[in-house]
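Consider the two complexes below, in which subunit A is the common component and subunit B and subunit C are the respective partners.
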Partner chain A sequence: MTAAVETRTRTRSAGGSGWPRFLGQKLVEFVVAIGALILLTFALVLLVPGDPARIAAGIDASPEQVAAARHALGLDQPLLAQFWNYVVGIFTGDLGQSFRTGQDVTAVIGVRLPFTLTIALVAIGITLVVSVMLGIAVAALTRGNRNRWLDVGFSWATATLQTLPIYVYGAILVVVFAVTLGVLPAAGAASPASYVLPAVALTLAPTCSISRIVRREASAVLEQDYMRTARGWRIGRLKQHLKYALPNLLASTLTLSGLILGNMLGGAVIVERVFSWPGLGNGVVEAILERDYPLIRGIILTIGALAIIINLVIDIILAIVDPRVLRSGKAFA
Partner chain B sequence: MTATAPDTVALATAQTASRRWRMHPILLSGLILMTLIVLTAIIAPMFLSTSANALTDQTRLPPGPDHLLGTDEFGRDLLSRALVATRLTLILTVSASAISVVLGVIIGMLVWLLPDRVRRFVVGVNSVAVAFPSLVLALVIAAILGPGAETAALAVGISSIPAFVRLTVNMAAPVLGREFVGTARLLHVPRVIVMVRHVLPNMAEPLLVLAASNFAVTLVELSGLSFIGLGVQSPQYDFGLLLSDALAAIFTQPSQVVGPSVMIMLTGLAGMLIGDGLAASSNPRTRGSRRASRTGRLGRTDAVAAKSEAPVQVRDLRVSTGTGTELVRGVSFDIAPGEILGLVGESGSGKSLTAMTLAGLVPEGVNATASTLVAAGNDMLAPADPARLARDIALIYQDPMSTFNPALRVGSQLTEVARTHLGMSRGAARRALLERFEQLRITDPPRRLRQHPHELSGGMLQRAMIASSLIADAKLIVADEPTTALDVTVQAAVLRQFAAAARELGASVLFISHDLGVVEALCDRVMVMHHGEIVEEVTAQALAARDVTHPYTRKLLDAAKYVDAL
Partner chain C sequence: MSSRTRRTRAVALGTVLVLLSAAGCATTGGGGSGGVDTIRSTWTSDPTTFDPALVTGVDDYRMAQIGFDTVLRRDDDGLIAGIATDYEQTDNGVILEIGDTGTCGDGTMITPTIVANSLQRLADPETGSAIAPLIFGGAGVTVTADDDAGTVEIELDKPYSELILGLTVPAAGIVCPAGLEDPEGLAAGTVDGAWSGPYALSKATPGVDYRFALNADYDNWAEYADPLEGRPAENLVFTIGSDGAIPNQLATGELDVAIIPYQELPRFEDDDAYDTEFGVLGDYYLIFNESQSSPFADPALRHAAAQVVDRAAFREAVNPLGDLLLSAGDPQLQCVNTDESLIVPQDEAAASEALAGVTIRLIGPQAIGVNGAGITYIAERLRAAGATVDSQITDTGSWISTILSPAASGDWDATVFASINNVGTLANGLSRVLGPTVADGGRNLSYAQNAVADEAYAAAMAATDDESKCAAYADAQRAVLEANTLVPLSTNVTTYVARDGFSVRHPAGRENLSTLRITE
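Right, the complex of A and B next:
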């Protein structure tokens, strides 16, 4: 077993390097992940305990209605044929029709996807910018035991606020800004102002977690010899931190916060519920409650693909920021 | 000896554990909070069920003395409901956590029993699963099994399994590489037994920390599923469902939000505190070092001292740690224009602290004071113009590999002073630097400017640093062991170029070294430092003639002779 560990380390450090190998590896990972997602969503209906057709048709459905549901789900065909039709459907953009409304699943996704995408991307962007700035600022201001109150206050505030779930933030924000002050809309996506509360609710907890990471990484970077060199050149504090410190902490920060950013997509589902946002999250919850299997499949497939793509993008950005990733294939390995 | 290794390790672990075992305040507060919450979960349903569940006609009462948080649309007491919900929430959260921890650890250990290739594949697939948002995974399971309390616990539990599999796999790897595991293998102990007996106990501590932190995450996700309607179903209720009821009535009764929000927050906080407390008490670095005071300051003392006209004047320089230990104890010296002053002594004698403080770069962890501190004509104890300091004082450090910023190109870093403080354009600064690179015989200068520091050798980097001090016309060069980190073959060349550069600038030089041979050849005057004090000051000629008085200097000379003889 010891030998096994050694071989593993050796194969990782040896071997080719550079972008072709890295991109090839990422492509394989991407294909495997998408394949697993397709399998998972296909199996979803088959794994339903009991008869999915009967559950989908409803308890008081007639035998004819159940048979119709079975046919609509394709469950009356052999397993392999079902899978083949499912995969072909995915690549031709035909995900079937919703049980309840009869709409094309692709059309429903087409309407809902942009809402989820905008809220998630806006929130991820805000989270990254705010937490990097905040983390570096706190690290710089608390160097060498300066500003103890800030050190203690930041640690406690972020530790407490990062445990608060999105729906609690959402509720508090609605009470304060929509009910009490009445300045922002509590629900819907009617105007640009509607974006504010959901985006803020989605951003707060991850910002706390990531700014803690940035602060820790920045504190380490600020004590490096090259930062002393930069101080020796007497350049302004802003430039010192943005030009000389920031590039050195981006890679580790992104690595450590990748999972948090990926999970923000899950957070988007909940935030949509709080603010009646007409996106995929609300769609999938309604579909699950109504046992609308084609719609569940389609939306989970879309959200899953989004998550995989976000992770891929983070990996590629990481490789650009820190070329060492190219050699190891994975920053966290 | 190797046969007894497992016991020795176990003993050592037990000893460190007992030494550590003083309750960390964070852990203590977490445990107290958690105990209160568990007690609430046990007691509240016994006494408050009636007021929490019975329908009355006192509907939608605002908070008041009879109902501290008011009542809901069916006249049920909101405080009672929040407290009673604790039991179901805790039961579900604990079940879900147990599923993810137990199954995750078992799968993670089984993975190590697989053949190498299969294991790598499983680990790869698992890492894809980890990166997948766990809430979406929980949604899939909820979609399969249908909404409900048990489904939600199962869904959240299963969706965290990949994370624990990865942690177990990663934590088992170093343990499996240890000597006693190899020994056990040689003795033909079956792998399963090695896993259970040796690997598991070694992972117990980090696993406990993660399980505690995971508790908070599980709570949030479970309540989230209930909140969106896929978890606990009415008439049962947990925190999540209560909050979703509250949100539905938010315009008529905003105060309904308070109960479940506060309870979720407190329960999550208890889990986080226990996790953080366990982590902090197992990590010796975070213990004890909390009381340090602010450092990195430079202050003036009022002692009267003789002034001079020299561009570098140091009077009564003292440096001490944040806790008060004095590292430099009242050092005074002058450096004339064009003079090279050597500062020698063993590591830890205070040479670098003296030099860095003179340059106005007091390191973190120490504070400095002096009655006079003048560097290149600038009073370092008063607020100074950064542009003048940058122009007048050049610094060359010990290890060029760590003093260059790894993320930026060499050219961009070394033209920084010229562009920021000398008002040169990017092009002009580049041309000036290229000229100096050529002067210092750095090969292929244009390419060097475009390269990153790790692509250059140490000697090359050090020469590049010297070159950049030449564009800025430095009046004081502080060189802190500039050749120590270099290959012996390039040391001489770099030193020659350094001396030539200093002569060209006519600058004062403070040259730190522990190599008496180098100091003797380069410097005009030498100070010997020992335990933070200057014990002897001699001219280079006197040093060459071994005309020294202090016993410590003698010792240094003898040591140098011994090294020469080798």
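Right, the complex of A and C next:
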């Protein structure tokens, strides 16, 4: 007992003094990542072939009209001037105008971002709840080599489903639930029901991945002495798992979820195309096809910044949940 | 039963009901049952402008079709009245008789002065309309109105026989005074009084959808020889859709009328619940670069390359629903060549003798067939004849930049040209291989110098009657085809599918969304 108390005290002490250093380190990482993102988004579109002024002016435009378009788009300025304008614009909330439509990029992102965020948040919520519950349930039901069929079936099904590409899920879901059964919309965002299929498509693979991790971690936790003691005290099963097992799974689950959820933003691009969802992912594909540089930059910047922020938030949550992270700066310390 | 249990059950029941009702909403929408007043369709992308003079993309034209009336309209057998009830062709232009049924979105009657001001602005180079030279011919334009006589006269500094057809193009749609006074608002679609067509933009959500409402005062519907059935919708909703999703949305009733990829047609064509309608979007040609940097400066090599092309096989590769071309324009166009003997017959053996060992840089956009299947076909035919082919299948932007940039004239030898003929004139296609080259500020991207063709083309432009115009056009087409500057391939066709209870028509074979109707 004395040793345990001493350990907890050391941890708290180390944790308390570790926060400024931890937050400073994360801030530096954040600034470097954002800086790299700004540089990358500016350089990326310069590498893309094709003349955006010609595209903006149209195939029937005269050379004078193309030159006028080039001037209007600022493409006749030196590269450094373009970069400076780009950086200043980012920090003043002015991401320029779409080459195609002339609309403010900030306004376009403002329309599309809620669609992407909504579907991503719904998918993240479903993924975390379902995968944690499923993983714990399977671990509990297969503890001590019981229900072998479930163990095999779960492993086989999740391994298969997590390897299927999102667009395959998307097509199957549309064929079954929209075209054949007619109970859900096939595409678009016209009604609340429109969220169901894209969210499910976005959720399936990460749910399988995370539930396998939770199941493995839970199997180990369920064999711990404190769980055996809880069972000995005849505490209800639900309480056992939620109160005693779940908190001990949180650190590893959150760490891996951070990585997987970051990837979900990439998956959202594909899902949005499959379901014609009017979010940022669909927008960036259309912008790339149209060589709409400001829109490409703006959307990639937004998606990249979101991924960086998600990772930062998860790092901070992890440090709160598991103070050992403060000492090492890494998860699974 | 405890209050907690009751509450839990109530919440569960409520959730189920909400989900079911949400699911139900999604599959009935505006087009499902009686009392329908909305037609739901799709556009490929956001319109770039709501100013008809500045339209460039296909969806811009679709916007202009419903928002702005033209002075004349096309029907299957010729021209019919628009804002103008009649016209008279003159030596250097046209006199239009303006009717009294045209109405602006703010209720203003459309007068000759309003028409003249709108057309003069379209022709003004300061406006920056890329399509205006194809409507007016590129020379100076003077438009005068006589409100007392109810006429508008368009006088061109240089004769241009395609003027009258040009005036039927959606880009020539009349902009009402409120729009001319506020060009920025016009371009943004926010000026209620700018619209002269049946519909006005009621709500725009970029990337999501565009909603149009019927102008209650509008009474200038086209009187086609074969009248449209049904009634116009009170509202039109165009969602920004993707090719992959649209057929499913039609099948589930989420859309009423939409364009589908031709590969999806078998899902609908034998189903009585759907009608299909086809329209010409544009044409495909093989165009050779005749500048000195290209092997196709040699007429014998152009002839040899033409000998390996099977138009029917090309059509199968890109869109089997298309028509085979015989010229630089689709079969529905006025004065288009119908003489098959002008098409070079296939002769692979003869072609191989000329093409063996020749290096050819072939370029074309990915959009021609699935993943550029049309370019792949041409490349393989040339390879089979012994040529070494460097095939570049690029995005549309890179392709346009290369073929229209004089600085890049040495980077390509032949291109599969995809023309979107929104103007619907033969001049649109022919001017890509005739007249001033892109290096001289013209449209001719082949760099060909064909004096015979140029002279005949000029005569066609100067003609004041259809007979002499078509005779001159025939000479120009013959000269171009005999020089093998261009090898006609096939048309690019759009496939519209309308659910039972809705319809759309393609007058003169061309898309026109003002024909959308509710027929139930």
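One rule holds in what follows: the second predicted complex is superposed on the first by the 284 of 333 C-alpha atoms of A that agree within 3 Å, B and C clash if a C-alpha of one lies under 4 Å from a C-alpha of the other, contacts with A are read in each partner's own complex, and residues count from 1 in each chain.
The rule we apply is simple: a contact is a pair of C-beta atoms (placed from the backbone, for glycine too) under 8 Å apart; a residue touches a chain by one contact, two chains touch by 3 or more.
Here the structure is a predicted model, which means the values were calculated and not measured.
Visitor: Give the label of whichever partner, subunit B or subunit C, reaches more residues of subunit A.
Guide: B
Visitor: With the two structures laid over each other on chain A, which partner does A:Val274 touch: subunit B (first), subunit C (second), both, or neither?
Guide: Touch partners of A:Val274: subunit B and subunit C.
Visitor: Could you tell me if A:Ala159 is touching subunit B, subunit C, both of them or neither one (first, second, both, neither)?
Guide: First partner only, subunit B.
Visitor: Let me test your reading of the model: by the given contact rule, A:Ser194 touches which partner, first (subunit B), second (subunit C), both or neither?
Guide: In the superposition, A:Ser194 contacts subunit C only.
Visitor: Taking the superposition on A as described, I'd like to know which of subunit B and subunit C A:Leu44 touches: first, second, both or neither.
Guide: first
Visitor: Give one of first, second, both or neither to describe whether A:Pro78 is in contact with subunit B, with subunit C, with both, or with none.
Guide: Neither partner.
Visitor: Check whether A:Val179 is in contact with subunit B, with subunit C, with both or with neither, and answer first, second, both or neither.
Guide: A:Val179: touches subunit B and subunit C.
Visitor: Just to be sure I read the superposition right, which of the two partners does A:Pro63 touch: subunit B = first, subunit C = second, or both, or neither?
Guide: In the superposition, A:Pro63 contacts subunit C only.
Visitor: Please indicate which partner A:Leu289 is in contact with in the superposed arrangement: first for subunit B, second for subunit C, both, or neither.
Guide: both
Visitor: Which positions of subunit A sit in both the subunit B and the subunit C interface?
Guide: The overlap between the subunit B and subunit C interfaces on subunit A comprises residues 49, 55, 174, 179, 186, 273-274, 289, 291.
Visitor: Enumerate the contact residues on subunit C facing subunit A in the complex.
Guide: Listed in rising order, the residues are 18-19, 22-23, 25-27, 29, 45-49, 56-57, 128, 130-131, 133-134, 187, 205-208, 239-242, 244-246, 248-249, 251-252, 254, 394-398, 400-401, 404-405, 420, 438, 441, 443.
Visitor: Can you name the residues of subunit B that touch subunit A in the complex?
Guide: 112, 116, 120, 124-125, 127-136, 139-140, 142-147, 173, 176-177, 181-182, 185, 191, 194, 216, 220, 223-224, 227-230, 240, 243-244, 246-247, 250-251, 254, 257, 261, 264-265, 268-269, 271-272, 276, 292-296, 322, 356, 359, 361, 363-365, 386-387, 389-390, 393, 395, 397, 399, 402-408, 413, 416-417, 420-421
Visitor: Which of the residues in subunit A end up touching subunit B in this complex?
Guide: By the definition above, subunit A touches subunit B via 1-2, 4-8, 29, 32-33, 36, 40-41, 44, 47-49, 55, 143-146, 148, 159-160, 163-168, 170-172, 174-175, 179-180, 186, 223-226, 228-236, 239, 243-244, 247-248, 258-259, 262-267, 269-270, 273-274, 284-285, 287-289, 291, 293, 296, 300, 303-304, 307-308, 311, 330.
Visitor: Would you mind writing out the residues of subunit A in touch with subunit C in their complex?
Guide: 49-52, 54-55, 57-65, 68, 100-103, 107-108, 111-112, 115, 174, 178-179, 182-194, 196, 273-276, 278, 282-283, 286, 289-291
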